[in-house]
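So that you can tell them apart, the chains are marked A, B, C and D in the order they are listed, and the count of residues begins at 1 in each.
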Amino acid sequence: MTNLEKLIRHFEKFPGIGSRQARRFAFHLLTESKEDVTELSELIRDIKSTVAECTSCYRFFSRNGHGDHCPICANTLRDTTKLLIVERDSDIDAIERSKTYDGLYFVLGGTIPLLESDDVKKVRGGALKHTVLERVNTGLKELILAFSVNPDGENTSRYVETLLRDLIATHALTVNQLGRGLSTGSELEYADPETLKSAFENRKQIG
Amino acid sequence: MTNLEKLIRHFEKFPGIGSRQARRFAFHLLTESKEDVTELSELIRDIKSTVAECTSCYRFFSRNGHGDHCPICANTLRDTTKLLIVERDSDIDAIERSKTYDGLYFVLGGTIPLLESDDVKKVRGGALKHTVLERVNTGLKELILAFSVNPDGENTSRYVETLLRDLIATHALTVNQLGRGLSTGSELEYADPETLKSAFENRKQIG
Amino acid sequence: MTNLEKLIRHFEKFPGIGSRQARRFAFHLLTESKEDVTELSELIRDIKSTVAECTSCYRFFSRNGHGDHCPICANTLRDTTKLLIVERDSDIDAIERSKTYDGLYFVLGGTIPLLESDDVKKVRGGALKHTVLERVNTGLKELILAFSVNPDGENTSRYVETLLRDLIATHALTVNQLGRGLSTGSELEYADPETLKSAFENRKQIG
Amino acid sequence: MTNLEKLIRHFEKFPGIGSRQARRFAFHLLTESKEDVTELSELIRDIKSTVAECTSCYRFFSRNGHGDHCPICANTLRDTTKLLIVERDSDIDAIERSKTYDGLYFVLGGTIPLLESDDVKKVRGGALKHTVLERVNTGLKELILAFSVNPDGENTSRYVETLLRDLIATHALTVNQLGRGLSTGSELEYADPETLKSAFENRKQIG
């Protein structure tokens, strides 16, 4: 196998990338400047030392002089009474961009598909219990489960509730999920009964 | 033009149907039984006498011995304090299927696109005022605007509010819109700030 | 079931139409003029008497004073040495529009899917033998098989060849299929080996 | 800008990659082994020295001890009477996989869009003339233009013909294009007149 083929093989392991696009990536690098290619090479070489996983919420963050906690977990202005549990890092990005939440996070690392209960091993159940227990000591009152609105997301909600049942009871934690309703782009005609029910319950005065 | 071509021309006027599919419709009829074709022909011939437009909410309904009001408007068990304003008939079907609303309806007949204010003429503004005025006398308290969650839907909401401003003030009507939030199938990562904001506000206890 | 529901039920049987679009068709008719609805109703009522199936090629045609043969089969200027066998009526429309063929046709009425050999009963095998035999007497020399370029189309080609084997041998008929190559819109990068092979064999001088 | 953000910025320049997927690429690397990340980094660092552009056909190839010519151009068994001109490297991959061509290639490096004649500067016009002139001395007889079957591809064919007009005339070169016809997956009903015309001309005996 030539070095070019080896490189293409690496790109084929990138998420969502097939052999044709992996090939294009290699050809793309050939058209880039020497400086750009060198910089990319060095950034990849150093990624594991520049990026760390937060020991509290498990999201990735640029180390950059921070300690073991990411800038959100280290920020003393965040509301420590709330912990929002999401599937992956990019969910946090979306919520932070919306500027509607000022509490803490936990990245579960995946969902529990309805039909593959073995996937329990792939999510951070033990770490979640540990983080919740730690946060209880600093005032945690409310858990917010924020998974996708589909059968796998609902199954993951049930899994988290069962996992944390004792902690929730002992420490009188409230467990909420994000509100359902019409989302941007929804057309009434295609809305399902569950969504419409919440949309009616949460109807809101205007004008 | 042959009769076959004339028939295809009629089918081409059906919503969403191009010339190729119109042709298939004609060929489809040729393979149907004589009885089916005759029944279809008669149902079409009589449609305008069997189906009427409700003089109160303006939805279509099968006349079938009913008077000028559709079965919903004629149903004395419906909650007459609420009037839900929608774009079209099929929105009502979706809401009725969800069994989450027991008030009355009004079919506006279209939206007011943000960029084409002339379309005001195409919706039933005058009829809406008339129906609201009439309903005020039978206890109307709340208007619910239920348009699609997009710029045209929002523009239509503004149009309705302006149109009814005096009636709303005089009769102290509440004007609500359906709640925003995550709808079935939503993935957190792709949710927009507006949707996330409502999803946080409307978060709901589970377990 | 109301008449409106019966009408919607008929439209749901139209090819490619679901319940929502069937409903829209009914509502569309309600917005059409009385004259248009009446004309459509009459055209449907009379379709079986105005449209006939050609007794030679089996395509549908507007009777309109023609006899048992469609205008193509009845046209004495067409080249009777060629018979092109297609799956359905709309294939003939496409070929006639291209003005590249002046021979005769036969509509087989379907394909023989690779995995459902029972579908042999659904195509006009006996009628095809009969038409070929008849056409041999008026000078038929070449059969052109024009099915879709996919496994089912190829299986149908094999079926037709086997069905007509004796006739082909006895009357020394040539059996051709349409040429393979790059079709409009093809990108070289995505072309399969079979297509490229034909494209090289059939390469053509320009300029 | 953190190093993580810099890395994401590099991935965003990869062809067809948006900011979300660029982010996923970075997270993907964080889950890979130290060895894999190091190897990828080194392969990228060295790509410009391991991969070269052939000085005759301009495709990229792994240097690996070869000289200035790629393995195809250096292969003395290839048929030097034919030169196939393509838009990009990946077209050659598709043709080589089909094993239907044993001549030489030239990578033009792009097409000339119908509406942007300035793009002439972006393709290797001068290099093409030079390579053709060189190949004439080693027996070149036939040029095969193999561009996509669309307006831009046809415009590029015209550009190449005009560019090489004198060379073609002086050396009596034949200029061909790949054959048109039904490609794998084509349905007769949707075939355009141009494709059908070629499909009829190139019809082929079976059985």
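Descriptive notes on the structure:
One rule holds in what follows: a residue touches a chain if its C-beta (ideal position, glycine included) is under 8 Å from a C-beta of that chain, and two chains touch if they have at least 3 such contacts.
Nothing here was measured: the structure is a model prediction, and the numbers come from that model.
Looking for a copy of the B-C interface in A-B, A-D or C-D, one arrives at A-D, which has over half of the same contact pairs by residue number. Over half of the residue numbers at the chain A-chain B interface are used by both copies of the sequence. Centre to centre, using the average C-alpha position, chain B and chain D are separated by 53 Å. Separation between the centroids of chain C and chain D, computed from CA atoms only, is 38 Å. Residue positions 20, 90, 93, 189 of chain A each touch two or more of the other chains. In terms of inter-chain touching, the protein chains here make up one closed cycle, each touching precisely two others. Taken pair by pair, the chains that touch are A-B, A-D, B-C, C-D. Residues 2-7, 10, 13-16, 20-21, 23-30, 32, 34, 36-48, 50-51, 53, 60-62, 64, 89-90, 93 of chain A are the ones touching chain D in the complex. Contacts from chain D toward chain C in the complex involve residues 86-88, 90-91, 93-95, 97-101, 144-150, 157, 161, 168, 174-207.
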